[in-house]
Amino acid sequence: MSDPSVSALVAEETATVDRVQGGGSLWSNAWRTLRRRPEVIVAALVALFFVVVAAFPRLFTSQDPQRCDISNSGIRPQWFSGPHPFGTDIAGCDLLASVVYGARPSLLLAFIVVGLSVLIGVTLGTLSGYYLGWVDTAISRAVEVFLVIPLLLAALLLLSLFRTVDTGSSVLGSILQPALVLTAFGWMGYTRYVRANVLETKNLDYVVAAKVLGASDLRIMVRHVLPNAIGTVTALIPTAIAGVISTEAVLAFLGIGVRPPAVSWGILISNGSERFTGDSQYLLLFPLGCLVLTVLALVVLGDGLRDALDPKLR
Amino acid sequence: MPLLQVRDLAVEFVTADGVVRAVDGLSYAVDAGQTLAIVGESGSGKSVSSLAVMGLLQSPPARIPSGSITFAGTDLLTLSRKQHRAFCGEHIGMVFQDALAALNPVYTVGWQLTEALRARHGLTRRDARRRAMELLDLVQVPAARQRAREYPHQFSGGMRQRAMIAMALAMDPEVLIADEPTTALDVTVQAQIMKLLAEIQAERDMALILITHDLGVVASVADTVTVMYAGKAVEQGEVQRIYSRPAHPYTRALLRAIPRLDHKGRQLDVIPGRPPDPLHLPDGCAFHPRCDRAEDVCRAAPPPPLAELPGGGSAACYFAVEVMADGKPAERAES
Amino acid sequence: MGNPPSAPSPDVVLEVQDLVKYYPVKRGVVFKRTVGQVRAVDGVSLALRRGRTLGLVGESGSGKSTLAKVLVGVEQPTSGRILVDGIDVSAMKRAQRRELRRRIQLVFQDPYTALNPRMPAGEIVGEAYAIHPRLVPKGGRARAVRELFDLVGLNPDHVNRYPHQFSGGQRQRLGIARALAVKPQILICDEPVSALDVSIQGQVINLLERLQDELGLAYLFIAHDLAVVRHIADEVAVMYLGSVVERGTETEVYEQTRHPYTRALMSAVPLPDPSMRHRREEIVLSGDVPSPAAPPSGCRFHTRCWLAPLVAGAASDSADVTIDEPAAVPAVCRTDRPELLPQGPPDHLAACHFAEKLTENTTRAEAAR
């Protein structure tokens, strides 16, 4: 006699409780679950802090990361006692300013890549799972093709091929190429997730009911299938953003990430690591610390969100 | 002294929104060779009470603040959880509604049965296998030798239920608790399973506790009946009397509410409203908002404890004697 | 409309003629080949009358739920015709077909999966008007939804609540309200009360009966519970392995049963009356329903039939018959598929080679007690 049936019995007996008192929508229930987990709250605050840093860098530093004075080269962290709290790098650029201004390309890249990937993944996954047949065959094969190509190899190849193409010097321009490449190899997971969820959802009675009422395929997909198939995907997003931030660091380390003169955390880490063995560990530790903190916060947030949104995991 | 006696059992679940009293002061007793039916709707506490007997409640959230469960002189609630489980393994078997969830999907049915027999009786592999075949024959699984090599998902619903009964019987239980054993099955298969259970019970002089919402099944197998509502036993007694002269308005209403195969009436009598929210039970008698006999006392004062009725049985209602005298539930107005 | 009405009676709102639904069984990874057919529905003919209820009874695997899916247009029939008000649905163009389909709506078994958990109740019921905008003008929709809530016995102030805030019985009412929103003529009720508590079942059944009286709906009431079907149905059809084995009025099927399967089904229903214990005929069928992918030859029921051995001469005096040896079955049962033929009254049909023997044999068995 294994436990599942027992817990099912208890669930049945206590179901009335949930049913009657569980007021509010899915999201408000999710919020109630999240509120009881302090680590999720902390993680959310940390993530929010870095988003603010990226959006309003001027709030956190008065220095310009591009205006470097070689005579100030290699100043160690002064904290609150001087103009360079985090010190300066070898070219005399203020490290705090670099880290603060580096947040924007890093985070923006991550948001763009994940946003586009989710958009593509949700669209293709829904079509694939809903229509099956040749649509599904085509999309599933495409997913497999992209999955078997190693991301770093492809990124290395594509980004070094198009290294010479000028995309302008704005923030957007400097992250355009890595964004496109990372998106091209980032949509498959969502497609598979959404497809599996759609397959599960589309045979539920309420979807059948909409069909019987005469609803169009588009209406059924948008109103009935997607909202109930997308929950678990939403919860993947923070973790995915963390993943892109780290990948950007790897690309920068390989010299093919965000384009200079824009700074990103990846570039700072890449530069700092060259001097790590000397006495300038702080050049690596500050950007790396921000990266690790952001990634950790997002992973915890994603984990909490998944638990809160996925009724099966409760 | 009865074989299994439950006295004043209470089970609570601690939830985020408060404490739910799922079972409240339940008492019953069964003797060897007897069938007790526990009848109730979903949320009445009928399944939770049997899980408490088996020591299968997860704690937390469940807790048992009071009561005793005595099997042949041993109070199971004084045992540690582990001892409790071991004790039930030897004496009390259980059959669930969902046989597929109760059988391990990655082992063959024969293997599971053989292992259970070896663990329980210390048989050799060969003897255990022979005994397993005998058990599958006993529960009327055709071509037992062949079916034993199959996995639970290869069995049909009825066959799975038989396999689970065989698993329970492998322990040579003196009491078998069957929780909605036929609810998921077709009527013809349900009839097969109920017949099988009755035969095995008679043969082994086993006590059977049948937990169900199906008043038809109860009428055809039970000796005594406990009717539960909102965690409490509202009426207990011998099956003939309960069906012919119910003393609690809830029992009477339930009996009137079921459509019957043997006569056709256009309008069904219904019980208005719905089962109460266990977190917010109504004041007074929990059934009073749906009761056709309720008076001020039912709304204001807690219901009386189960009281003896003239001629045996008991009911927890101020008007039990009057309700009982009202006549047979079948004599309802027909259009 | 181009098609001449082929329904014999103007009362008939839905007619099903020789409906067949096979599902191919496919093997192979890249090149799929069909290795067999699951004969879910195998030649079913039925007629539904305005304001009347046809009960459809059968066990799992009998094809009754597949039939429901085909009728509401979720599945396409392999062959056969569906006539709504005498018009063949499959002969219609897309728009007309949609209009005809609208008249047939479905009530589900499980009130928990039948409602979109992320839509407020009012939107669930009102979605019909977004799909069929001409049913109710835009300004009147909110009121129409509230009226529907009222009609099915829900509080109209609860339109903004979500499904999980309703109890099982209330959800079933919501499902009914959603179906009624498109003003159907026919409701296919697929086990509408079997997931509900006993005390709630009666409320929903009474609601369905009241709605039928008020709106003149025709019901196809699918259930495995013969007592519920007897209660609500005017006519009854019994299905076994994809085909109808007996059909007739409620009284004919329940009181003058002419098919051994129907008789076995009824004897298997436990009566809520302990005094009847051991006093009624008990026929316990052996085994399970065979797979519709490999149905038995001849009469589909012959592998489990209790009458066949009696007819074949291997008679047992006990009515409590179980058979282990299919050898005792008459050859005709194993080779020829019986047709649905009138038994006495012209509208009481049964598909059994020995239908006329049924009455004799069982009275003998009953008398032996």
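Which chain is which? They are A, B and C, in the order written, and residues in each are numbered from 1.
Quick note on the criterion: a contact is a pair of C-beta atoms (placed from the backbone, for glycine too) under 8 Å apart; a residue touches a chain by one contact, two chains touch by 3 or more.
Note that the structure is a prediction, hence the values are computed from the model and not measured.
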item: Of A-C and B-C, pair with higher C-beta contact tally; value: B-C
item: Centroid-based (C-alpha) most distant chain relative to chain C; value: A
item: Intercentroid distance (Cα basis), chain C paired with chain A, Å; value: 51
item: Distance from the mean Cα position of chain C to that of chain B, given in whole angstrom; value: 31
item: Contacts with 2+ other chains: residues of chain C; value: 167
item: Residues of chain B whose C-beta touches two or more other chains; value: 42, 275
item: For chain A, residues that touch 2 or more chains besides their own; value: 16, 20
item: Contact set on chain A toward chain C in their complex; value: 16, 18-20, 22-26, 204-206, 208-216, 219, 223-224, 227-228
item: Complex interface listing, chain C residues touching chain B; value: 59-60, 167, 169-170, 197-203, 205-206, 209, 224-228, 230-232, 250, 254, 264-277, 282, 284-289
item: Footprint of chain A on chain C - complex, ascending; value: 69, 72-74, 98, 101-102, 104-106, 108-110, 113-119, 124, 127-128, 130-132, 162, 164-167, 175, 178-179, 181-182
item: Complex interface listing, chain B residues touching chain C; value: 41-42, 142, 156-159, 186-192, 194-195, 213-220, 222, 239-240, 243-244, 253-255, 257-262, 264-272, 274-275, 290, 330
